[in-house]
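So, here's a batch of structures to check.
There are two complexes below, and they share subunit A, which is joined by subunit B in the first and by subunit C in the second.
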Partner chain A sequence: MRSIAFERRTNTPKWLRIAVPMFGIAIALVLGAMLLAWTGHATTGTYRQILHRGFTDPGTFATTLVAATPLLFTGLTAAIAYRMGVFNIGGEGQLFIGAMFASFVGLGLGSAPTVVVVASMILAGAVGGSLWASIAAVLRDRFRCNEIITTLMLNYLAGILIQYLIFSSHSYWRELTGTGALFPQGRMLSERAQWPNPHIGGTPVPFGFIVGISFAVLIFVLLRSTRFGYRVRVIADAPAAAKYAGINARRTTFAVLALSGAMAGIGGASDVGDFRHTLDPKGLQQAGYGYTGIVVAALGRLNPIAVVFVAILMGGLNTAGLALQGPDFPAGLVGTLQGLLLFCTLGGEGLARYRIVIRRRAGSASRSAAPRSSSPRSAASPTEAPGLATGEVGG
Partner chain B sequence: MSINHNLLVEVAVSGMFYGTPLVFASVGEVITERSGVLNLGVEGMMLMGAAAGSWASIHISGSNPWVLFCATIIGAAAAALVALLHAFLVVTLRVNQIVAGLALTIFAGGAGLSSFLANSWNLAAKPAPHQFQELSVFGWKNAPIIGPLLFHHNVMVYFSWIVVGATSWYLFRTRAGLHLRSVGESPHTADAMGLNVARIRYVNTMVGGALAGVGGVYFSLLIVPTWVDGMTQGRGWIALALVIFGFWRPGLAMIGAYLFGAFASLGLTLQARNVHISPDLLDALPYLMTIVVLIIVSNSGARKRLGAPAALGQPFIRDER
Partner chain C sequence: MNPESIDVLTAGTNLVPAVEMFGITKRFGDVVANDGVNFHACVGEVHALLGENGAGKSTLTNMLTGIYQPDAGEIRLYEKPLRLTSPRAAIAAGVGMVHQHFKLVPTFTVAENVVLGLSAEHRGVKFRRAAIERRVAELSERYQLAVDPAKKIWQLSVGERQRVELLKVLIREARILVLDEPTAVLTPQEADSLFVTLRSMADDGRTVIFISHKLYEVTAVSDRVTVLRDGRNIATVDTADCDQRSLAALMVGRDVQFDRRVGTHVRGDSEPVLIAANVDADGDDDRGALHAISLSLRAGEILGIAGVAGNGQRELGEVLGGIRRIRSGNIDVCGKQQTCGDPVAFAKSRVAYVPEDRLGTGLAPSLSIADNVALRSFRAAPFARPPFIRRRWLRSHTQELMSRYDVKAPGPETPIRKLSGGNIQKVLLAREFESDPLVLVVASPTRGLDVGAIENVRSLLVTAAERGTGIVLISEDLDEVRAMCDRIAVMYEGRIVGIVDGESADVNTLGLMMAGAT
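Let's look at the complex of A and B:
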């Protein structure tokens, strides 16, 4: 009699850390191809088209960067919070409120110098997003409400709120003259309030993307080499130790959620400043930036720097999806591929933490009887997520 | 006007009508969570059930009841398959349950597989040819008050009552239910007793998924009734909140589902009576109520006694304690 058992690895060899995600992506692409074949679509042709329209066609990379910008911010939103075991899935709503605050400021400061307007919009977006996240933080802190549910309910409420501002009220945000008298729509920002597009290597880069990269680096440093980052890591990996060390978990949780919400809020500001130049409730709700941000953070293993690259990858997928949508390329294919990628890399990561051991049942001297170290969880490196693939779910 | 057009009766009846998919989904999640597995992918499983049910109602021929029966089974099976994926990830590969559940919703959800399959099968083009209809049980549908409340529903409402009763009985009165709960409370003890923790978690995760799928079929063959991407509109997440609201008990979860259904449909009911309240406020009401209820439930003293399964969300690894 033989049985298959999982044995926790005491240390993961370096080659596995690279090989496993690569293998996961390959499996995901194979599964995706099987699905395409089963539903009667071209397989390699579809993949080639995605590659073209998302990445390699001349000019499309600029579009991909525009699509990647909000995902970069919502990816950071999820990455920061999940790193501490706080499951903020409210990136969506925090982004809406950020867009609402930023467009308010952008409309109000329309004639000020661009530098002032852009800086104020970023600040306003950050404030809006972190205020919205703070609601969930207060509910979690005061009433022990599960933040997964509350942040999600707050997404719907934020959506209804911005919809109210444009569609069923005469708010400051709504255009009431011209075509706005016929169709409900938001007021456009003045030209000076629109964010610049610096050209880098011939490609126009949204200003928000540059802001996002700066924040990714800042957060990477913050988590890796500051006292605050150390506290976050201790609370996440060893809550009991954090308590004995006198770390104020409540204050840190608040700070993390506020920072997390601020990122989504700046994403909303960038959506208004870089892209739509108005508050567009329907467009924002259809885009689903907040939820895709969760995929981005998970695929980037909660590493802020990796989030930048994954955001570009997902942005390209989304761009291709929008450009190709039609009978040969049904809606939902991109989401399905994203989900498959996520499953396969998560599963691979889970698998890589264990060694599959085949052992004989009848306790004879088998390999597994060799003395094994008691495998304490190895000290986690600062920016990697020990809690992502395995481990307990924080209460 | 008869007494059956009383506002209270109408609100209660529409609460039951719109609450029923939530009954299926939240009772399913109660079963799953009782075994120690948290599945946040309810929304995705419901949408898969909805898509598969819609496909079946178009492609299966036969009498109305037969097609609807098959569609319900197929919807449940599709959702159970998606749940199997979750079980594989979290039970066998020990992936973090929250992350895997979120991944499941993104994979199967409104912008994922359910939409891809439904659009590949052209489901959106037509209304479902077979739909559930209201019955008049014993011909008593016009009986005062109890007629509309008890005897004038579609068959799914009655089925959901059976499911709630059977689940309560299963969880609290059978040996299998005792095993299930012990796996959710203390998997190591259950393992020492000789129970197969992994198998019990697999089975009950799939049962929970199947019920979520039935909830999805309710949308595509009754409420909407055709295919629309993301047609469940976040009800899967509400179901998760209802599990907490119901203290992991099927009966309480059902009450919560009806309350939510009543709040969600209040706008329609009032509109029919020419009462004008801001539609945005009415849209927001169910979500606000969910938060308020969560505050009350999370903060009450009952939580300690009636709380979550102790091992909820924790992977079981035999050699580690």
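Let's look at the complex of A and C:
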């Protein structure tokens, strides 16, 4: 008889931090292969296809970057806030409002030089996102409202708001001429307001992606090396120590939420400027960028630089998933494979902090009644008391 | 394991073994917390487990109470080998634990707390209030654990709460009671009554094991003492055969300076560096915690603040340290009026503050030593070149502090929580001393530290006083304030009930003052 228990590690060795996610990916691939085999699909063939269609085929990397860009921004949104233990799950809504602000400015400045329009759209997106996040910040500060609830509610509100602008009103954002008179849709940005796609090494890179990388680096430095980042670290770890050091936690919390929201807002601006060139409520709401961003941040361990790479990985998986799915390869299977990957890598986190201990329960082999117990609790109920005693009586 | 060893231990006595632990070894990673420890306690005895922090006392008792499982060795209870795989298994086997930090639900009554989590065999009484209250009353009378079963926990004093913890293990029919530093929160009088209770439980055929590093209580109450050092059992001795000095030597492994009166540091002509006049302040619950506090502190003086926990000392420390606002009154540092509740301003006036809560208030536990060294001065040069923190400078500065204050750690980037208690306190003191303070407010600076670290901290405080720093020493340890302080102010219910001379103060007078008698 053996029992399995989890024991907290006293410290986690460095190699384990790398090995555990690698192991998680390996497990996910094995489980995925079993699933593929069970549903009658080629296993290695499917994996090869994911690799090709997501990353290595000519032209696909550009598509992957397009998919990665909004995730990069919402990933940063979550990473910044979670670093301080502020659970902003409102990346979704902040992105909507950022898109709304940015398209307003883009539509209004349509004839100005591209540099001016793009810069103004980025700024507008940032302002929109951080204003939306600030609502939650004020509620948290004044009324101690839990930001998890408020930011979530604000997501729905933002969704309804942009829907209203396009579908239920004759707003500035809505196209009222041509086909727009028949089917509600947003006004298109002028040619000049559309963001450029500079080619880097032959691959067209969305401008928003470059902006996102710049912000990732900036935030990395901000959190690591500045007084602001220091305040964030202290508040996150020990609020009482922050008070003792005279750190104004309210102001810092506010700043962090605003910065976090600004990232999502710029993500929204990029969605309008880089890809859709219009405010598209349906498309934005279906994409669920904000929620995926939380996963991106978690996989990147809240490290802004890591978020860049995880966003590319997720973008590639999404692209490959779209390419794979078809009549004989259901979308649900694609989603399951992705889910397995996330589940296994995040689940592995536990192993980095706990170790599995397998103990031999001496002398209890004959007692079939004693269950193999992974939980110490069940091992202890009085009815099983005989199972507790080990052999070696009288040793 | 050799059964003869028991006979050797109990030869010539009529003692019946209750707890026998043979060759217990427990490792955490590379650290060997217990290394082949043998521990035996008999029916009807009070057995003290003495040792410095990190000696392995808690690890050993945690294996007896089922929290950890030993890597090697055997545990027998009443001569029966057992594996205690969980706390529940330990309770079923008759082992009860009273933790240092009480595990009670404040809004429940005494009786409700006592039955909370009772296991199946006691389920018969589970919901019958009258029966439970009767049983609680019965037990409390038998062991002189005066407490009203119908009262809510939050209405009770600390001493009464401890009695509830004892009742909890008694109602579970524990025959072996383990107490982790039970007197840490008690007045001397409350401690005495606890000792009476422990004795009567032992006389009843129970086995009382109590963990301590306070020598006087070990000599006061125990029959035998087992001394642990560096994870090994050094000796088991009859208490009657030893005194505090010999026990201390066993515990530390060398002779220690003991009960050293530090002497006075005040120069006759020195100016007051800190004056508090008529200070009223609220506690965390917005109820008045301090009332009309007036005191003055001179350069080079050590002023003790004594009292039972929860009588306003913590709040007074916070006010004097600059992190708590006051409602009325005045605080002057070197003649300059202070803005209370503004820690930055206090730090500028060169007031240093070592809070009682080291990990959490004084230090951020997950941050590195270097980050913690910067905690109070990260805003300006030399720590920062705004907006950046000078990380490289900070690292070398920290390295230098660590060698000067003898902080043992792998490096400046080590998270604080990985250090031992003594080293944690050294980091905190090093940081506060480095600000070259005029006034130093320290709360319970030696609580939880081992003898060696206590010596170290005390000598640092004395050095600071000799350099002319005025020190406010808040401590519940009467021996400490008596040994260290020039004057001792005693607090009761938020007031200073008296100030006595450190030289002439005796424990009984102080104890009575702490209990509110004037």
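One rule holds for everything that comes next: the second predicted complex is superposed on the first by the 323 of 395 C-alpha atoms of A that agree within 3 Å, B and C clash if a C-alpha of one lies under 4 Å from a C-alpha of the other, contacts with A are read in each partner's own complex, and residues count from 1 in each chain.
Note that in this section a contact is a pair of C-beta atoms (placed from the backbone, for glycine too) under 8 Å apart; a residue touches a chain by one contact, two chains touch by 3 or more.
Given the structure is predicted, the values throughout are model-derived calculations rather than measurements.
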Look at A:330 in the shared chain and tell me whether it touches subunit B only, subunit C only, both, or neither; answer first, second, both or neither.
-> first
Please work out whether A:226 is in contact with subunit B alone, subunit C alone, both, or neither, and reply first, second, both or neither.
-> second
Kindly classify A:157 by the partners it touches after superposition: subunit B alone (first), subunit C alone (second), both, or neither?
-> first
Which partner, subunit B or subunit C, is in contact with more residues of subunit A?
-> B
First, second, both or neither for A:291, with subunit B first and subunit C second = first
Which of the two partners, first being subunit B and second being subunit C, lies in contact with A:237: first, second, both, or neither?
-> second
So, A:191: does it touch subunit B (first), subunit C (second), both, or neither?
-> neither
Would you please give the residues of subunit A that touch subunit B in one complex and also touch subunit C in the other complex?
-> 388-390, 392-393
Show which residues of subunit B lie in contact with subunit A when the two form their complex.
-> 38, 40, 85, 88-89, 93-100, 102-109, 111-121, 229, 234, 237, 240-241, 244, 278-280, 283-284, 287-288, 290-291, 294-295, 298-299, 303, 312-315, 317-320
Touching residues on subunit A, where the partner in the complex is subunit C | 3, 9-11, 225-230, 233-234, 237-238, 240-246, 359, 361, 376-377, 379-383, 385, 388-390, 392-395
Once bound in the complex, which stretches of subunit C touch subunit A?
-> 1, 3, 28-29, 31, 66, 69, 74, 80-89, 92-93, 119-121, 321, 323, 342-344, 347, 353, 355, 357, 359-367, 371, 374-376, 378-379, 384, 386-389, 391, 418
Complex contact set, residues of subunit A against subunit B = 5-8, 35, 39-41, 82, 87, 89, 139, 143-146, 148-150, 152-154, 156-157, 160-161, 163-164, 168, 288, 291-292, 294-295, 298, 330-336, 338-340, 342-343, 346-347, 349-351, 353-354, 375, 387-393
